[in-house]
Structure formats: C-alpha cells, structure tokens
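Across the two complexes that follow, chain A remains constant while its partner is chain B and subsequently chain C.
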Partner chain A sequence: MGLIQIGASILIALLIGTLTRAARNARMYLLLAFSILAIYWFQALLPLRSFDFWLPSLSLALVVLTWLITSPPGVWRVRQNTIGFLIIIGSVTFIDLSRYVLPEPVLTATTPPQFFQYFVFAVIVGQIIFAFTWASRRSPWAITGTIILLIIILIVLKTPALSLQMSIFFRSLANRSIENASFTDLRWLGFSYIAFRLIHVLRDKSRSHQFAHSGGERDKQMRHLPELSLPEFATYVVFFPSLAAGPIDRAERFAQDLRSDFAISQDEVLLAGQRIFLGLFKKFVVADALALIALNDSLATQVRTTGWMWISVYAYAFQIYFDFSGYTDIAIGIARLVGIKLPENFAAPYTQPNLTQFWNSWHMTLTQWFRSYFFNPFNRWMRGFKNIPAWSMILTGQVATMFLIGLWHGITLNFILWGVWHGLGLFLQNRWSDFVHRRFPDLGGNTRLQPIFQIGSILLTFHFVALGWVFFALGEPARSLMVLRKLFNLF
Partner chain B sequence: MRKVFLILILVIINNLFLSACAPKSNAAPAKAVEDYLNALVAKDSDRLTTLSCGDWEDDALLELDSFQAVTTKLDGLACSQTGTDGTTALVLCKGKIIATYNNEDQELDLSVRTYQVIQDGGDWLVCGTR
Partner chain C sequence: MESTKPRIRLFAVLLKATLLFVLFNFAFIFLNKIPFGKLSLYNSIFPGRERFPFGETRESYNLSLFDLDAMFAAHILAGTQKTPDEYRVLLIGDSSVWGTLLTPEETLAGQLNTNPVIACGRTVHAYNLGYPTISVMKDLMILDRAKGYQPDMVIWLTTLEAFPKNKQLTSPIVANNAERVRGLITKYKLRADPNDQALVDASTWEQTFVSQRRAVADLLRLQIYGALWASTGIDQVYPENYEHAQIDLEADADFHELTSLRDALAFDVLEAGLSSAPLTLLVNEPMLISNGLNSNIRYNFFYPRWAYDDYRQMLAEQAAARKWNYLDVWDLVPADQFTNSAIHLTPAGETLLANKIAKSIQTICK
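Take a look at the complex of A and B:
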C-alpha cells in the first residue's frame, strides 16, 4: 500500500465509522463493498493483460466457494447472505463496467476486460463453485480438496520456477512473447494472507464436523467457530486494512467485532490516529531511511569491510521490523476506526531473551497459525510413535514448522535456510534451557547476576536473529555465505 | 433465491446493453498511443507490455531499454488517428521525447513515425511503427 492508498483507506474508514453509528449491518455491508473495491485498487499492475482484474476476482470466487462449502444447506434463505452476494456480484460488475464509462481506469491498474469476457468467467467460476458445493454436501473430501487447491496455488505463486512456467503458459494462451515471461508476473495481492484465512476456516469447520460426530472434547474452540453470514465471512477474508500485510485474524474474533455495536468516539479516533501516525513514521521515515544502508544483493557485493557489513546487517534487521510492524500499526489503526480490533503482530521482538519468546512476539499471528494448524497436530501425531525419543520429536517438530514458515515467505533455498536456521536455533535453545534448569536449578534466584544474564540473552537472541536475516535478505546461498564470511572476517 | 436470479438477469441484460452501446470513438487508438508513450518515458515496463500487442512486445521493451540510462520526458504530445489499413488504425503524434543525459538534451521528434494500432479483446494496442 502506498501513501495515497493509505490516505484513502483512512478517509473511507472514518466515513464508514461516522456514517454507520450503531448500524451494524450497514457498517458490515459498507466494509464489504469497500474491501472488494480495495482488492482491485490495491492490486499492482501486471504485465499479463487484465490479470489485475482476474486475480482479485479469483480471490472473491475462492471466498464464496469456501463460505458455501463450510455453510449448512439453505443459507440462501437468510436475507443477509443474499444481500452480501448481491454486493459482491454488483461491486465486481460495477468495476468491470467502469471500462465503458470512465475515460481512464480508476479502480484497476489497467482497463478491465470486456463485459462478455467477464460474463464467461463468472459463468465458469459459478459452475465450479456449484460443483464443489454439491460435492461438499455429499463428501467431506470437498473441504480437503479446497485446502489442497489453496496450497497448490500458494506453492505455484511462491516457487519462482513454477510461477515462471505459469506465466509462460498464460502468455502462450494470450499469444504474447514468452521470452519476456518472469516469475514476478503473477503478483497476486494478499493471496498468502487470504489463503491462510480460508484454510483456517476450512480446517476448523472440518474439525468441528469431525468432533460433532465423534463427540471428542479436544480443541474446544474449534467447536465454537460460529456460522458466519456471507458478508461477515467475505469481509473477514478481504478486510481492506489487513489485506496486503496481515495480521491474520481469527474468523470468530473478527465476527464478534462485526456483530458488536460500535459508535465512533473522539477517544477512539485519537487512539487510532496515534497508531496510524506511529505506523507511518515507522514505515515511511525509519524503515525507508534504513533501507538506504540495509543489506541487499547489490550491497552484499559492494561492502568491503567487516564493520560496514555488520552495520548493513543491523540496518536490515531494524528496517524489516519497522517496515512490517509499521504496516501492522497502520492496519490496526485503520481497523479501529470501523470498530474492528485486529490482533497485535509484534511485541518488542528484539528485546526478547530467547528465541522462543522472539517467535512469540514476531509476526505473532502467523506463528499462532502455524502452531494451531501444523506444530500442535504434528506433535500429537508424533507422540503416537512410542519409540521416538523426546529430543528428536522436539527437533523434528521445530525444524519442520520453521521450514514451513520459511517456505511461506517463498519457496527458495534461502528462505528454507532461514527457516532451518531458526528451527535449529529453537531446538538448541530448548535443549540448553533444559540443561541449565537441571544442572543449575538455583541460577534463576541469583538477583545480582539476573540483569547480566538478561542483557546477555537479549543480545545473543538479537544477533542470532540478525544473522538469520542474512539468508532472508539475499537471493542466493552463496551470497549469504560470502556475507557471513565477511561478518566474521573469514576471507 | 428467485429474486436474486431475477436481479442478476436484469443486471446482465442492462450490462450487455451498456457494453454494446459504448461509444466506438476514433480517439481510442490515439489514446492508446499516448498511453504507450507515457509508459515508455516513465520506463514502466509492465504498463508498456499491457499496451503493446504480442508481436510488438519485444520491440517495445527494447525501446524502453534504450532509455534506461537517460531521464526522459514528453513535450507537447498530441496524437490523432490519420487513417486505417484494414483492421489496423494508423496514428500520428506531434511532440517530442526529450532525453537528458549529463545535462545534455536530445530531442526525438515523434511526428516522423506512424504508429500501427490494432484492437485485441476490445482494447487498442500499439503493434508497430511505419
């Protein structure tokens, strides 16, 4: 999101918050309509013609599909769902028709496709949704199939080689030059976040159905995933402040805010304003300034001295924090203006004394997602194997989780190395902490040494994380190793 | 549900009318060339690609590459359709591209070229020059 888009989002949020005082449904419908417009408006221009229209439209199709297959039969009898569906169809149609009315594209980066093309697309997508919904009424595999579909799309988008092949495929279909195809041609706005929100609902719904049949007591919160109306669900998935950079909220928490009465107050505007201002300062002043000296592929080859290399690594560590947490502050602030309290994503991560606490305070909603949907089920599954020693379970669970978190950022060797670096770090910290507690049980009681241990732990954790960024920031492992050699003067 | 279908059908019919009655302006090919030249001087390769036909895409990007080392701006751009050649619209432009390198300006006269513009998927795309 650029400054203009942030500014417009603030104004729209203020307008929605002010106009819909205590009118819950009106607020929800307006949020849905603007969120739909926003996914088209925020979508970057792509070299594949009209893809800035087709990709957001597919996002919406996936939203409707997921909602339908996780809802009980007869949902169309509820008036709210019908209105929500008409808002979605009406908004997309309105955007498409703007090509015939507006002299320049305003809501999309390029002119939307012809109405006939849009109509054919809508009919095909409608039939696929109908087929999946029909299948879901007969077999629970439709939900699993949708999760697999979302994961496949994520893999394709996150793997440069597959993304490139997909671009070549679409270019050949459109009779375009395949020599100019690039893996960056398919930059689908917010899909990583959209997919994770959809998978969360699909997974919880499928689990709640299983437990409803089996009568199990575990994971009680899964039983409490409420039935969401279409406008509630669609607003949750494509909510405009958290579309591009999260946080990944939980559906039931978001719906609770939507269902609550909200009247914007002066205090609320002040608090939201402070948060937005803080976010803007972090992102556009601190992070953008640090970007000038932060580690990147070209700087990695230009920096000659160890001292400057450390400075560029520190600068990157703080740049990525201020950039990401700045966007989160902006999202949380804008959401407050419309009565939605998005979850926090950062809690002073660089002041944490160990890696576990770092991951409990860095991109917290992503970590919680992986904990709920991978780490905990994976550990439960591994506990079934009685012969596996505890340490190897911890090692496998932590490395596998961090490996997947690495892949979520992009399926490249460097992101994998970054994930494994943290997985191994978490394992070592776990073993070390276990060892210290067993061998030196009274160590924690020594009040004189406590501050020294605390500061030492914070510095050690920060440096471990900062060295991990060397893999994250650069494109190739060889370059990362070169930087690490320079950092430790190992020429 | 029946009401929803009725509304949808009405919307579709309305839209088909709207799209069919959309003005078939002569200005559209000229506007496409103006957008193309604006994307060229802005060195916006993604936009330039979406404004070029498949056959011209490589040449358009080559032309953009030739401007990479200089700062560019348009001066007095105004395009108009001068005729057609089969399904190809011919567009002539006035004005110039000013390319600056090391405080030295070089002016590229746009009126020496006629742009060939074709319609694809309802959009006018630059597809060559004469």
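Take a look at the complex of A and C:
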C-alpha cells in the first residue's frame, strides 16, 4: 500500500466508523463493500491483460466457495447472507461496468474486461462453486480438496519457475509474446494471507465436524468456531487494512468484534491515530531510509570491508522489522477506527533473549497459525511412534515447521535455507536450555550474573537472526555464502 | 471511583497539531537561510567524496542537488587539511572532468594523484571539482566557491559547448542558485542579465517546508548515501554496455542557430574566473574528431567544423591577449579513446591528458 492508499483507507475507516455508530450491520456491509473495492484498487498493475481484475475476482470466488462449503445447508435463506452476496456481486459488477462510465480506470490498474467476458467468468465460477458445494454436502473430501487447491495456488505463486510457466501459459492463451514473461507477472495481492485465513476456517470446520461426530473433547477452540454469515466471513478474509500484509486474525475473534456494538470515540481516534502515525514513521521514514543501505544482491558484491558488511546486515535486520511492523501498526490503527481490534504481530522481537521468544514476538500471527495447523498436529502425530527419541522429535518438528515458514515466503533455496537455519537454531536453543537447567539449576538465581546473561542472550539471539537474514535478503545461496565469508573476514 | 485519567480533546489536539505544522512550515522560510548544507556526515563519519554528488538513479548511490554548500561539504576537499608539502590543484570543468563512466581513480584528478607529480618542490594533489553540466557560468560559480580552499593552481578545462551566452543560466544548478549567480554577475560585472527568466526565484510559498520537502529529503539522502560511498566506493552506475559516441554525423552545420560566434560566447565569464584565481591553467579539452559520415561538415555530435575552428582561434587570441596559461589539447586523444560522448574519455585517454597536464603544471607552477 502506498501513501495515497493508506490515506484513503484512513478516511474511509473514519467515515465508516462515524456514520455507523452502533449500527452493526451497516458497519459490516460498508466494510465489506469497501474491502471489495480495495482488493481491486490495491492490486498492482500486471502485464497480463485484465489480470488486475481477474485475480481479485478469484479471491472473492474462493471466499464465497469456502463460506458455502463450511456453512450448513439452507444458509441462503438468511437475509444477511443474501445482502452479503448482493454486495459482493454488485461491487464486482460495478467495478467491471465502470469501464463504460469512467474515461480512465480508477478502481483497477487497467481497464476492466468487457461485460460479456465478466459475465462468462461469473457463470463458470458460479458453476464450479455450485459443484463444490454440492459435493461438500455429500463428502467431507470437498473441504480437503479446497485446502489442496489453495495450497497448489500458493505453491505456484511462490515458486518462480512455476509462476513463469503459468505466465507463459496465459500469454500463449492470449496470443501474446512469451519472451517478456516473468515470474512476477502473477503478483496476486494478499493471496498468502487470504489463503491462510481460508485454510484456517476450512481446517477448523473440518476438525469440528470430525470431533462433533466422534464426540471427542480435544481442542475445544475448534469446536467453537461459530457459524459466520457471508458478509462476516468475506469481511474477515478481505478486510482492507490487513489485506496486503496481515496480521492473520482468527475468524471467531474477528466476528466477535464485528458483532459487538461500536461507537467511535475521541479516545479511540487518538489511539488509532497514534498507532497509524507510528506505523507511517516506521515504514516511510525509518524503514525506507534504512532500505538505502540495507543488504541486497548488489551490495552483497559491492561492499568491500567486513565492518560495512555488518552494517549492511544490521540495516537489513532493522529495515525489515520497521517496514513490516510499520505496516502492521497502520493496519491495526485503521482497523481500530472501525471497531476491529486486530491482533498484534510484533512484540519487540530484537530484545528477546532466545530464539523461541523471538518467534513468539516476530510475525506472531503467522507463527501461531503454523503452530496450530502444523507444529502441534505434527508433534501429536510423531508421538504415536514410541521408538523415536524425544530430541529427534523436537529436531524434526522445529526444522519442518521453520522449513514450511520459509516456503511460505517463497519457494526458493534461500528461503528454505533461512527456514532450516531457524529450525536448527530453535533445536539447539532447546537442547542448550535443557542442558543448562539440568546442570546448573541455580544459575537463574544468581542476581549478579543475571543482567550479563540477559544482555548476552539478547545480543546472541539478535545476531543469530541477523545472520539468518543473509539468506532471506539475497537471491542465491552462493551470494549468501559470499556475504557470510565477508562478515567473518574469510575472503 | 472517579477516573483520574485526563481526558484528551481530539479537536484541540488536531487544532494544535495543525497550527504547529503551519507555524513550522512558514518558519522554515527563515530557517532555510541557515546554510544547513554545510552540516554533513562526510569527512567525519563517512569519507569525503572524490567528486561532487551527481546521479539520477538509486543504483548510483548518488544524487544531484542544487545546494552548493552541501556539495562542497560532501567533497573530500572540505575535509582535507592542506600540508606544507601539498601543491593543491583544483580541476574545474564538465562531465569529462567529473568522469562519466570512470572510477574516481581513473579520472584526470585520480590519475594525477596516482602518479605523484612534483611541482615547485611540492607534491601535486588534484581535486576533482568537475560537474556534469556544460556551462562556464556553472564553472565560475564552483570556482568562486572553491577559492577558499587554498588552491595553488586552478585548472579549468572547457569546450565550445560551455560558452554560448544563451545557455549560461539555463542549466538547473545555475538556474536554481539565482542569488549566488546574481552575486557573481555583480561581483565580476558580467554581461548576463540578473533578471533573466531562467533564474528561479522561489515565491514565499515555494520556500516553505511543504514546497522544499524534496530538497530536505535530498539532503538527508545524500548523508545516507555516504554509508554506501564509504562501503562500496561507488558513486555512479557503470553499465557493461553503453551506446558509443556518434561517429556518423548529420549533414548539419548548425551550432545553436548561430551564424557567427562573434559576441555569442561568454568569454567575460571565463575572464572573470581566470582573473580571480591565484594561478590558472586554461585547457581546451580533448574531443572526438570523427572520420565517419559527414565528418567533413562536423567534427562530432556537438560541433560543426566552422564553429569549432572559429572558437579555437578566438580562444587562442583571447589567451594570448590576456596572457593566460593556455593549453589546447583538442586533438590529443585518438577517436577510439572516447566512450559515450564526444568529450568523455576512456581511462587510457585520461592518461594521455594527465601526462600532458602534469607537464604544464610543472612548467607554470609558482
């Protein structure tokens, strides 16, 4: 999101917050309508014709599909859902028809497709959704199928080679030159976040059905995932402040805010304003300034001395933090203006004394997501194997989870290395803590040594994380290796 | 129990914030008179630059700005104490002196410093004060500002393109230093019009913080780029491939729509500069002499033969009449030693020029 989009979002949020005092439904409908407009407006210009219209439309189709297959039959009869559906279809149609009214595209990066094309698309997508919904009433595999579909799309988008192939495919389909095809042609706004919200709901619903049938008591949270109306669900998934960079909220928490009475107050505006300004400062002043000197592929080869290479790595560490946490602050602040209290995503991560605590305070909502939907189930599954030693289970669980978190950022060797680096780090830290607690049980009580240990731990953790960024920031392992050699003066 | 938390009035906060911003915005008009450009991280935290800041892309780790104070403050000259052994030479000129496509060591200044030259018993230390704009008024502006740095000699490299009167005030760095240029016009009694429309006079609104935010941001970015200069030594983009200077030329004998150079060239600006410095060497810089299509009409992209020949003759006459130290090296460098322009030299071309200039320094030094 650029400054203009952020400014417009703040104004819209203020307007919605002010106009819909204590009118819950009106607030929800307005939030839905603007969120839909926002996914088109925020979508970057793509070189493939009309893809800046088709991709957001597909996001909405996936939202409707997921809602339908996770809702009980007959939900259409509920008035709120009908209104929600009309808002979705009406907004998309309005955006498409704007091509006939506006001289220049305003709501989309390029002119939307002709109405006939949109109509055909809507009919085809509608039929697919209908077929999936019909299947879901008869087989639980429809939910699994949708999860797999979302994961496949994620894999394609996150794998440069596959994205390139898809771009070539679409260009060939449109009789366009494939020479200019690039893996960046399919930059689907916020899909990583949209997919994770959808998977969260699909998975929890699927589990809650399983437990409801089996009468199991485990994981009560899942059993309490409430039925969400279409406007609630769609607003949750494509909520405009958190569309591009999270946080990944939980559906039941989000719905709770939507269902609560909210009257915007001066205090609320001030608190939201403070958060937004803090975020703007972090992102557009601190992070953008640090970005000038932060480690990148060019600097990796150009920096001549060890000292400056460290500065470049430090700059990257702080740039990525201020950039991401700045966006989060802006999202949280804007959401607050409409009565939604988005979860925190950062809690002073660079001041944490160990890697576990770092991951409990860095991109927290993503970590929680992976903990809920991969780490915990995976560990439960591994505990079924009686002969596996505990350390081996910890190692496998940590490395596998961080490996997947790496892949979530992009399916490249460097992201994998970054994930494995953290997975191994978490394992080593776990073993070290275990060893220290067993061998030196009184160490924690030594008040004189405590501050030294604390500072040392913070510095060690920060540097471990900073060295991890060397993989994250660069495109190739060879380049990362070169930087690491420079950092330790091993030219 | 009654809450003790003080209640904040949103309207009052917004009003105060707006008032403070408006106040600061207009106070900036007066704050801006303070030469903030002189405050620099260069020559303290970061090493000074070997040449003036100039650049259009982020990849160059450099940027162009109009603040002459900031440009000098970022230059190594501002941070170098002159020693008794140093024979300080300032090089003034255009992009050929600045060194487009050349690393700092490959430029004329760099080469004069790499191979130590002894002049009058002292070691020559050359400073690159070239700037990629072709205008003698721009050169005079820099020279006038540089005089305070105790030069023993100023070497002014120039070419015909720097002289047409009608382009003296149009280059952005000159146009945006209106006050300074007017000062030069008065000080040296130049024939340029101090009220020329090309000179940019900022209105009151244009001097506010809101209008000047780009200049402020540029000043800050220049400081940040100091880290990149220090860590990489890079201050421009060095493309692997570039378009070479034109050899085949248009059959066009026009030079700035002039029919004669008499009274069309700003020799008064040159005279002002040369007379103001303690010891000067004027150099008619090397240029590409094409042997391609229509080379009988033009020497290169810049010059038709008639104009350049007239200029050389006029410059030689002026130099002789005023007893300037004058070196005409227009044909010193072979055509294959030019890069992307008829005045941009390869490192080998710069070596040829540096050797010639080194000899001249030794000859005329005092």
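To be clear about the criterion, the second predicted complex is superposed on the first by the 491 of 491 C-alpha atoms of A that agree within 3 Å, B and C clash if a C-alpha of one lies under 4 Å from a C-alpha of the other, contacts with A are read in each partner's own complex, and residues count from 1 in each chain.
In the analysis below, a contact is a pair of C-beta atoms (placed from the backbone, for glycine too) under 8 Å apart; a residue touches a chain by one contact, two chains touch by 3 or more.
Fair warning: this is a prediction, and the values are worked out from it, not measured in the lab.
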### Superposition on chain A - do chain B and chain C clash or fit
fit
### Message
According to the stated criteria, A:Leu395 is in contact with first (chain B), second (chain C), both, or neither; which is it?
### Response
neither
### Task
Considering only the touch criterion stated at the top, classify A:Leu292 as touching first (chain B), second (chain C), both, or neither.
second
## Note on the structure
The answer to whether chain B or chain C touches more of chain A is B
### Task
State whether A:Asp267 touches chain B only (first), chain C only (second), both chains, or neither.
second
### Task
Once the structures are superposed on A, label A:Ser312 by its partner contacts, choosing first (chain B), second (chain C), both or neither.
second
### Task
Would you sort A:Asn180 into first (chain B), second (chain C), both or neither based on which partner it touches?
first
#### Entry: Partner chain in contact with A:Ala33 - chain B first, chain C second, else both or neither
neither
### Task
Have a look at where A:Val303 lands relative to chain B and chain C in the superposition and call it first, second, both or neither.
second
### Query
With both complexes placed on chain A, how many Å separate the closest C-alpha atoms of chain B and chain C?
6
### Message
I'd like to check the shared interface: which positions of chain A are touched by both chain B and chain C across the two complexes?
### Response
none
### Query
Of all residues in chain C, which touch chain A in the complex?
8-10, 13, 58-59, 220-221, 224-225, 227-228, 230-234
### Contacting residues of chain A [partner chain B, same complex]
45-50, 76-77, 82, 85-86, 89-90, 93, 97, 99-100, 109-111, 113-117, 119, 174-177, 179-180
#### Entry: In the complex, chain A residues that touch chain C
266-267, 269-270, 289, 292-293, 298-299, 302-305, 308-309, 311-312
#### Entry: Contacting residues of chain B [partner chain A, same complex]
1, 3-4, 7-8, 11-12, 15-16, 18-19, 22, 44-47, 49-50, 54, 57-58, 61, 121-123
